[in-house]
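Heads up, the next two complexes both have chain A, just with different partners, chain B and then chain C.
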Partner chain A sequence: MSNTALAIVLAGLAAMAALPFLDTGFWLALAISIAQYAVLATAWAMFSGPTRYVSLATAAFFGIGAYTVAVLGEVLPWPVVLLVAGVIGAVLSLLVGFATLRLSGVYFVVFTFGLAELIRQLVTWFEVNVTRSMGRYVFVEITQAQIYWQLLALFGALLALGTWLARSRLGFALHVIGEDETVARHVGIDTARAKVALFALSSVFMALVGAVMAPRWTYLDPAIAFNPSISFTVLIMALLGGTRSLLGPLLGVVPLALLFEVLTARFPNHFSILVGIVFLLVVYAVPQGVSGLLARLRRGAPA
Partner chain B sequence: MEAAAATLVTGLVLGGMYALVAIGLTLQYGVARIMNLAYGEFVVAAAFAALWLFTSLGVSPLIGLALVMPLAFLANWAIYRIFLTPLVRRAPNAGALETDSILATFGLLFVVQGVMLALFGGAYQSYSYLSIPVEIFGATITANRLVALGFAAVIGGGLWFLLTHTRTGTAVRAVAVNPAAAPLVGIDMARTAALAFAAGGAVVASGGVLVSTFLTFNAAMGVVFTMKALVVVIMGGVGNLMGCLVAGLLLGLTETLVASFVDPGLTLAATYGLFLTILIARPAGLFGVAAR
Partner chain C sequence: MKKDITRRGLGLGASALVLAAPAVRAQTAAPTAVKIGYAVSKTGPNAGGTAVSITPNYQLWVRNVNATGGLRLGDRRAPIEVVEYDDRSSSEDAVRAIERLVNQDKVDLILAPWGTALNLAIGPVMNRAGYPQIAVNAVTDRAPDLGRRWPNSFWFLGTSAEYAAGLVELLSKQREAGLIGNNIAMVSVADGFGIDLVNAARPALQRAGFRASYDRTYPVGTQDMAPILAEAARSNPDAFIAFSYPPDTLAITEQARVSGFNPKMFYVGVGTAFPLFKERFGANAEGVMGIGGWQADSPRVQEYMRQHKELVGREPDRWGSSVCYASLEMLQQAIERVGRIDRPAIIRELQTGTFDTILGPMKLEGNVRREQWVVGQWQNGEFMAVAPAAKAGARPPVLPKPAWRST
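For the complex of A and B:
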């Protein structure tokens, strides 16, 4: 994105910050849901788009953020809680990254596939054996409007970071890695380090979203915080939107967030089947995402 | 001493099941090159089929095995032909196929899981079949576990025989070793891949039926089976049956040891610990030769 485009988008986000003054009920809740997925899907695509490593661990990082708030929310001031959530997310992503990203993509996929479940088990074990209490109440003075503003701010920061990244050496290195990892290594790119760095950046944003969203629940236990459907939802949104451009995932987030809202309300018992079918449709029908489709149409090639 | 013997036998039985389930996955991933994330759902689906046959029709799980395996073979063959062949055709290279198959089977996972939730609900299920205590090596164990282990050995051994002593089996192994060279010696890649995928599906269904005789299970458990099967396949080296057996037994023993002597809540942590150790020490698997 150019500087002007970024400025326009950021101005748009600033204008959207006025929403809570118009409505604090249904529309704000919907906007929070969209903003949450916008940050998560964009952060997911920032790593998985250029590197083509499919991360299935969004729920793990989201859960870490949320659970940090459940544990520390009452003890520390809010900015410090956010900072701690981000740091824990970064440390975990560095561990996962250094263990798996030196190797081929399969190891990474397999490792991230069960990561949320692993951390859920570990946290549960810790709570049962050490603190002897399962589940926590979240008592922090954060309104819905404040959650919404924080999400918008995160999204703005993420877009600015993405724009900077696209022009940086790191961004270029990742682009080369995505095209051909062997070539990247031959031109002297430290591929493992570049991948780990980006994975950590993307994971920090996911952990922060989890932390920001935590006050929406009044009660949190590991099963709620590490809900695996988040990994799935974020993945399908980013894929539908397309991962090639920074604003691509947003094109998938908005329609799918609305669709899922309808599906959960009308077919709560068959949600999983329907979402799975939507997912398959996206993988088969729009492999490059909506933004890829648009780019192809603009070039005039037959779609 | 008795506790140790019991742990050992239980661990071996569990490990045998993991090995069997992983052998199916190694066929699908090593030969058909499909990274099947919906794999564990088929374990659970077969377990539910066995439960339904036993509780509503009174069919013994061992006869159920003879019904479920051919059905699973056909179902997986159809899945490969209808859903996965378009992805194979569309993929420009092996990496792209891997990504596409991960995504497609991830979607499939939620569809199959959703169907099972709608049919059977989310509660834990089990049924009582041959739960007679038997004494072996000083340890007491239920007969159903021993029967399951015996059948797993027969199915695994039979598959090994087919792969090493028949013409088709040799073709399957050739594709696993070198997918680029296999067509040069006249191997029909599409047919062999579909066959391997279907055979893998039949093996995993047999694993599901056998597991259902002694474990409680629910509709959401598939992911854990997939995870463990993937870890075993990678530990043993992709496409390596012997590796699956050793790695499966190792995982079963580790888990049972951790569950009985440390905490049952830490079994997945044990799986990950083992996986991490292998990743760091031998990234190509226990029997792997070249690391990339």
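For the complex of A and C:
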């Protein structure tokens, strides 16, 4: 994305920050949901797009962030809580990254899926045996509008980072890795380190989203924080949007978030089966994502 | 003209009565209807509890109110129109559903979901929007704090400390009577309610001079209870206590029966009060104690039971269900006393009024319902309330528990 494009997008985000002055109820809730998934899906695609590693660890990092707030929210000032959440997310992603990014293909997918469950069980074990209480109350004075603004700010920061990354040596290295990892190694790229660095960057954003969202629920237990459905929702949104460009995932987030809203409101009893059908359609009908489709149309090839 | 509308409203009430069973979203613009919304867990881990203690009572109440023509607002009656959503047991979906009910559907009142987590999740939204929140199926030690923090919220099932204290008091009484000794075996599920209960029970037992010679926690979803029960039996306790969830409650009781482990007092946790427990164990349920209980001999409870069976096709549970129905009766009386949909006034009435319910007169103190039945015992096929003993209508517990019969 060019600097002009980035500036336009950031200006657009700044304009959207006015929404809470117009409505603080339903539309703000919907906007929070879209903003949340926009950050998560873009962060997911930032790592998984170029490297083609399909990660199901979103819920793990999101949960870590949320749980950090549950533990520290009432003790530390809010910016410090966010900082701690980001640091924990980074440390965990580095540990996990160095341990697993040598795995490839389906092994990595399975591992990341297990990661959320592993962390959930560890937290549960800790709460049962050490703190001897399950379920934590999050009474932090944060309004819905503030949650929304923080999410917009995160999204802006993520886009700026992504733009910078695309021009950096790291971004180029990742591109080569995505095309052919063996070649990348042979031309002297430290593939493991590049992948881990990107994984950590992406994970920090996921942890921050979890931290920002936690005050919305007042009460957290491991099952709420480490909900695997977040991983799948983010994955399908990013796939629908397309992972090859920075704003691609957004093209999947907005329609799907709106669709989920309509399905929940109109078909409360058939939600799960309809969402399942949507997932199948996305994978079969739009394998390159909406952004891929648009690119093909622009090139004049038959869609 | 006005008369005409009222008649239309009555007609609607009658048709809503016909359609009430599957609680459909009646799409109508009748200005005299009262719109009541709820988002409950139709799917996900909370679906079981919701289907037992929440949904049947909401449906039954709406049916009964509409059968009389609706809620009495001043000199007319307004039938209830229901808007319902599935929160899929997710906190985020629950919050969004409430925002939708308040801002899009513009419902007049909102009924609460099942469980502590979801009630806490929607607490801030309900508070901001100024809707009364009758958190009927939530047990939290912070209930009194929450009532102060959100004056629009009402907490009906008390704190886990109350349940533990009531149980220990019952144990002490039995010991005074010379029926049991000091030796207790205790197991608990490693999840929210189980942990809270055992944390409250440990110091209470110690203060009362009991000795927990066996005290073990097991993970949620444990299938095989044989090793735990074998160890508990080896400590040869006078009383066995399990702070368990419904599946474990059934598994523990079944394993105790199979292995012939029959202490003088046998107490299991959530689920003992379910009709399923009686169906499953038949005569062997006799003498088993558990959480909850009700006054089964009260005519109004029996009438409630009959209506519940007729509408849902099965009996209600003997803990949360009747409280849920009673809370709705309170809401109805509060609305009718105020005479219009004036939410601040309804909240004030709920805070201060005394209400006539199937469970007798009910009054909240600091937005919390005090004095509930904490221990019940299956006696002659009914789950009778036995503690707190000081509460009017308590049955004396029957100890020692009869021997398991082979089936």
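Here, the second predicted complex is superposed on the first by the 296 of 303 C-alpha atoms of A that agree within 3 Å, B and C clash if a C-alpha of one lies under 4 Å from a C-alpha of the other, contacts with A are read in each partner's own complex, and residues count from 1 in each chain.
Following the convention adopted for this analysis, a contact is a pair of C-beta atoms (placed from the backbone, for glycine too) under 8 Å apart; a residue touches a chain by one contact, two chains touch by 3 or more.
The structure displayed is predicted, hence computed values, not measured ones.
In the three-chain model built by superposing on chain A, chain B fits alongside chain C with no clash. Of the two partner chains, chain B is the only one touched by A:Leu122; chain C is not.
In the superposed model, chain B and chain C sit 70 degrees apart as seen from the Cα centre of chain A, a figure rounded to the nearest 10. Of the two partner chains, chain C is the only one touched by A:Arg132; chain B is not. In the overlay built on the shared chain, the residue A:Ser168 is in contact with neither chain B nor chain C.
When the two complexes are overlaid, the chain among chain B and chain C that reaches more residues of chain A is B. Contacts of A:Tyr107 after superposition on the shared chain: chain B is touched, whereas chain C is not.
In the superposed model, A:Gly276 lies in contact with chain B only, and not with chain C. In the superposed model, A:Pro228 lies in contact with chain B only, and not with chain C. In the composite built from the two structures, the nearest CA pair linking chain B and chain C is 5 Å apart.
Overlaid on A, the two complexes show chain B and chain C touching the same residues of chain A, namely 124, 128, 269, 271-272. Residues of chain A touching chain B in their complex: 52, 54, 56, 99-100, 103-107, 109-111, 113-114, 117-118, 121-122, 124-125, 128-129, 228, 232, 235-236, 239, 269-277, 279-280, 282-284, 287.
Across the interface of their complex, chain A is touched by residues 35, 37, 83, 86, 90, 95, 98-100, 102-104, 106-115, 117-118, 223-224, 226-227, 230-231, 234, 263, 265-269, 271-272, 275-276, 279-280, 283, 292 of chain B. Contacts from chain C toward chain A in the complex involve residues 42-43, 45, 84-86, 88, 90-93, 95-97, 99-100, 102-104, 116-117, 120-121, 123-124, 129, 142, 149, 190-192, 195-196, 199, 217. Touching chain C in their complex are the following residues of chain A: 23, 25-30, 33, 124, 127-128, 132-135, 137, 139, 213, 216-219, 221, 223-224, 227, 229, 261, 264-265, 268-269, 271-272.
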